[in-house]
Amino acid sequence: MYLIEYEGKQLFVKYGIKIPDSMIISRDEYVDPPKPSLNYPLVVKGQYPYGGRGKSGAVKIANNYEEYIEAINSIAHISVGGVKPRYILIEEFVPHEKEYYLSIIMSRKDKKPVILVSKYGGIDVEELAGKPGSLMSLEIDPLIGYSDYHAKMVSKFLLNRLDKELMDMVRRLYRLFIENDVLLVEINPLSINESPIALDSKVMLDDNAYYRHDYTQYIEYSMLASKGEQIARKHGFSFVPLDGDIGVIGNGAGLVMATVDLVNYYGGSPACFLDVGGGASSERIQRAIEVIANELNIRSLLINIFAGITRCDEVARGIVQAKKLLEEMGIKVVVRLVGTNEDLGASILRDAGFKVYKEMDVAAMEAIKNEG
Amino acid sequence: MYLIEYEGKQLFVKYGIKIPDSMIISRDEYVDPPKPSLNYPLVVKGQYPYGGRGKSGAVKIANNYEEYIEAINSIAHISVGGVKPRYILIEEFVPHEKEYYLSIIMSRKDKKPVILVSKYGGIDVEELAGKPGSLMSLEIDPLIGYSDYHAKMVSKFLLNRLDKELMDMVRRLYRLFIENDVLLVEINPLSINESPIALDSKVMLDDNAYYRHDYTQYIEYSMLASKGEQIARKHGFSFVPLDGDIGVIGNGAGLVMATVDLVNYYGGSPACFLDVGGGASSERIQRAIEVIANELNIRSLLINIFAGITRCDEVARGIVQAKKLLEEMGIKVVVRLVGTNEDLGASILRDAGFKVYKEMDVAAMEAIKNEG
Amino acid sequence: MRDDIPGLLPKNLRLLVQGITGKEGSFHTKMMLDYGTNIVAGVTPGKGGSYIHGVPVYDTIAEAVEESEANSSIIFVPARFAYDAAMEAIYNRLSPIVIITEGIPAHDTVKLVNAAAKYNVRVIGPNTPGLIFPNKYKIGILPDRYFDEGAVAVVSRSGTLTYEISMSMVNRGFGQRIVIGCGGDYIIGTNFIDILEILRRDLETKAIVVIGEIGGDDEERLADYIMHTNYPKPVVAYVAGRSAPPGKRMGHAGAIISGGMGSAESKINKFKEAGVRIAYRPSEVVEKLMEVI
Amino acid sequence: MRDDIPGLLPKNLRLLVQGITGKEGSFHTKMMLDYGTNIVAGVTPGKGGSYIHGVPVYDTIAEAVEESEANSSIIFVPARFAYDAAMEAIYNRLSPIVIITEGIPAHDTVKLVNAAAKYNVRVIGPNTPGLIFPNKYKIGILPDRYFDEGAVAVVSRSGTLTYEISMSMVNRGFGQRIVIGCGGDYIIGTNFIDILEILRRDLETKAIVVIGEIGGDDEERLADYIMHTNYPKPVVAYVAGRSAPPGKRMGHAGAIISGGMGSAESKINKFKEAGVRIAYRPSEVVEKLMEVI
């Protein structure tokens, strides 16, 4: 899960990483914002769970109180990724000539933490990678951990000298990384005019490590999250809404992805990715169908089950339980069942008037057809 | 440096390792000890920086208040290793059928922390090693650290079952070991009647790690330390007092040990080991001589210098500066000088009336002779 | 036909099941036994002395190894205990260690995978269905009946999709030399290249099916490997997630396109450059196989 | 005569001095240069760009290696910075790393020594005078004039005592193939066995002098090694500390008899069993050497 900027910066402060002097304004204060006790010019930044706010105009400079009020009024109504900001961050502007980039990522390829630094910050990582000589990556052996070596390499690369404060920042960032089960922590841009200051924050925590951290403190994230993500979290499904009109439910991430791809392949337009996971009960299947039917505007629903641990009869019962709702909403249902108890499952469904298929290609084509 | 029992136990408590209910009584309370708010029977234990207190009678059981007073009065006057106890520890007696042994040592051989456990505690490690099948040692890879594996192995070995509390104790002990630069932490005896309790503590901290811990909190150790050790610490010499009448000063631990051995070899009796270290100044040499002359009752002093970084002329000047003191105390001085500026050093010494030798064997024999 | 694969599976498999008394562990122990897997011991702390489906249960791996000479392990314990379970297996030099568990924090996986490398132990997974040697044995949770012995190795990051494709292979007469899931997690112990390098010299393997998905660059690196080492066997690949939007985790912890990296398009293009045949539908894998065998 | 020793010293020594601008580092850089040591670079954080005795100084080892192709290191930095200095050398794969520094916490040494092993780097010391190849070069602080080239290797846990014995050897016509201090610390990177194993196949080494002392069991284990591997060269040993009382640290952090372990008597007895000739006085080492060469 990603933290929003100000949550990431609070984590920075906890670890002694400098950020600009700032204040945070919540949604109910937008109408009558508090007078800032900060020095102008200020940077006014909407807080969103997604990137792209810069292009949307949700970052503004305010040189005086009037501009400050104006900026808040404007940003309050700007949506990024479908959501308006619940919070706006006000920061003193930090004059800086150059922007740098510093991050630590848990590298899949190397199976190690890797420090990434660039002489050119403020732009996307992909762009960085394109500038030869501007990027340095440095592995940290997870069995040995951080040593000054890493910080020295970073400081030399960025500044061509050993800057004590910058080295200290690298050390603190690694501690933050380790102690919070971080998958990615990024300071971009990083300013090093007098001392190193994090002008933005990007922090991705490991959802799997929820049991050893208090993730409820990052509630802002869930409140700002899209409806789809909220639903997925609430029910424990893997659920990603898409733009189309054909709902897709299946068991197993790879299979559901493949099913979504197949709908596309045959010219249809998938409305979602929903993985019910292994061994789903009839209730779980029913709930998955309800979620899709209620939350999305779909024309048809393709259910693709390859049952290993899962039992086809359970799946069938879940579908039958949702029959009424589906009929009411006029959603055509196409079921593909293979695996454990497939005959039993198929007969339950046929008895209830559903069509059941054995080949996913055929089922996908059937789901796309305009007439059932 | 070794902690005394109650300091070690305070560390145990800090890490959540159980010890018996207890109180500590300091020297000025011996005359009128506070009434214990503990349950009899009590164990009354003198606190010494050295082992062997059991054999000296400095551990007593008190079944009532009278016996408690009696025990304190008696132990207050018992010396172990030349010192009387500045503190007496009073503990509730923990009934136990069996005594176990548990320690973590930084192993020289393996270059790793090693957990040692034995089914027979309360006796010396050497004796333990003699009982086949009673001892288990378990390495901890310092690059990986503790995992439950280690605690499971310990619990299985000692109890033939997985005891949650014992496993927890192993985990806590390892944390204590790592966070305090411990070279040896030993719980012996360890009682596991209901839950594991440390009945005694032995903790050896790494002197070299002084700069990252607050060793002044362990002031009891220095106050209880022998005079020789106090002197060594004060002046930064390596100094070990011995029983004889021939003082030995040299530069380099190996050389001084060899010189002490040589005195013994030729039938003499060394009074100390004093290593002035490398590159000693004349002041340092003078101070070393003064310490020995003042603190020990010696007949002659053998100074053996093999000068690499050290300069023989500096050494010679230091000896000359101490000449008056040595003459006053009637101490015969034999100097062996080899190395950097040896001719200059020898002439300085000869001018001041000292005899100077080139061979350490000859010098040692000369120092032993009764007549100079 | 030799029924070991040097570097991947030992000559005489003697499998230990960690978490054998749990619901999943117990169920799949039965399934594996029925399929012919030589399970010699199980471990569940505190449950030592009991039996599950005739398999003796121990408190610790050390005891289990001493009494049963287990040489490999499959792990079913819950995510928060998986690190310690894997470390216990590593210290006892069991190899491979197949970690079925889903949801292990990536920092734990990184540490245990690096520790395993130090001790020369192979880790498969986490979050893998395991592997199956059709008609010999399986170390995992794959439903047996969709597999049959043959000459095609199937290597995958997924579970049910692997069964799907394997079934369609068997239906058209293509059996499998081995089917192995590398795991759907962000960090995994053994990746595509590791497996293909091992299979390079396996005489029984005539072709390889790779079932990839979005996220990471395992597929891209595999393509480079195939190209630069002139891989001697035909490879067919299917990549799931062509219609996945960037920034969204598609079920698997590892299945996410982020920072412009890990798209299906990038993987497919790389594979094509390396001469790998691409199936665009799961059912097309068999068609592509027919072109190469 | 070949002037490398495979496994111990590289073929073309290109030494880097860590802590070169410090008092000790600077002084001994001069001494080593005068003796012929090929010092190609120095490192002191923050002092990059300067020169010490003509040797260029860098901020980091990475730069130094890039510009000077250094392949080995000697460390003079204070104890509390030694861990990071050694790790920097290890990450840059310098080998050997000779750590002169005294007083490094044992936990730091353990970690760096284990890290070095993982990266295949040899650590000599800490708390060692280093080593000397008489009339070729030295990596250390040994005073040159007491050594001469020859066929006897001297391996020691001590400093001045090593000079003492080496001098008496030279005075009686025995030169040295190499003189090497393993270090007087509680934990050291390279011990007696490591050195003797390397010298086993060194044709120029005809005999070995071991200078041991109380504490630990390096000498006992060496005796076992000599006995059980039928060591092919004569060994003469001197063990310091015969009159040391138990429980007292005799100067070196490692020189302490504790828990009934590490007494000179135990070491001497073990050596005798292994056929090692014992010298009871430093000056007797030469006499024993005369018996075997």
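Miscellaneous remarks
Letters are used for the chains, namely A, B, C and D, taken in the order the chains are written, and counting of residues starts over at 1 for each.
By definition in this document, a residue touches a chain if its C-beta (ideal position, glycine included) is under 8 Å from a C-beta of that chain, and two chains touch if they have at least 3 such contacts.
Computed from a predicted model, the values in this text were never measured in an experiment.
Between chain A and chain D, the least number of touching-chain steps is 1. Centroid distances built from C-alpha atoms place A farthest away from chain D. In terms of C-beta pairs in contact, the better-connected of the chain pairs A-B and A-C is A-C.
Chain C and chain D have Cα centroids lying 48 Å from one another.
Work out the mean CA point of chain A and of chain B, and you get 58 Å between them.
The geometric centre of chain A is 27 Å away from that of chain C, both derived from CA atoms.
Measuring from the averaged C-alpha position of chain B to that of chain C gives a distance of 55 Å.
Shared interface positions of chain B, defined as residues touching 2 or more other chains, are 141, 143-144. Residue positions 111, 115, 118 of chain C are each in touch with at least two other chains. If each chain is drawn as a node and touching chains are joined, the picture fits none of the line, ring, star or complete shapes. Working note: touching chain pairs come out as A-B, A-C, A-D, B-C, B-D. Interface residues of chain D, counted against chain B in their complex, comprise 79-80, 103-107, 110-111, 113-115, 118, 129, 141-143, 156-164, 167, 184, 186-187, 211, 213-214, 216-218, 221, 238, 240-245, 247-255, 259-261, 264, 280-283.
Those residues of chain A whose C-beta lies close enough to touch chain B in the complex are 143-144.
Contact residues of chain D toward chain A in the complex are 45-46, 48, 59-60, 62-63, 83-84, 87-88, 91, 111, 115, 118.
Chain B makes touch with chain C in their complex at residues 141, 143-144, 147-149, 152-153, 156, 161-162.
The part of chain B that touches chain D in the complex is made up of residues 50, 106, 108-109, 111-113, 124-126, 141-143, 178, 181, 183, 206-209, 211-212, 238, 240, 242, 250-258, 260-265, 270, 273, 275, 278, 306-309, 338-340, 359-361.
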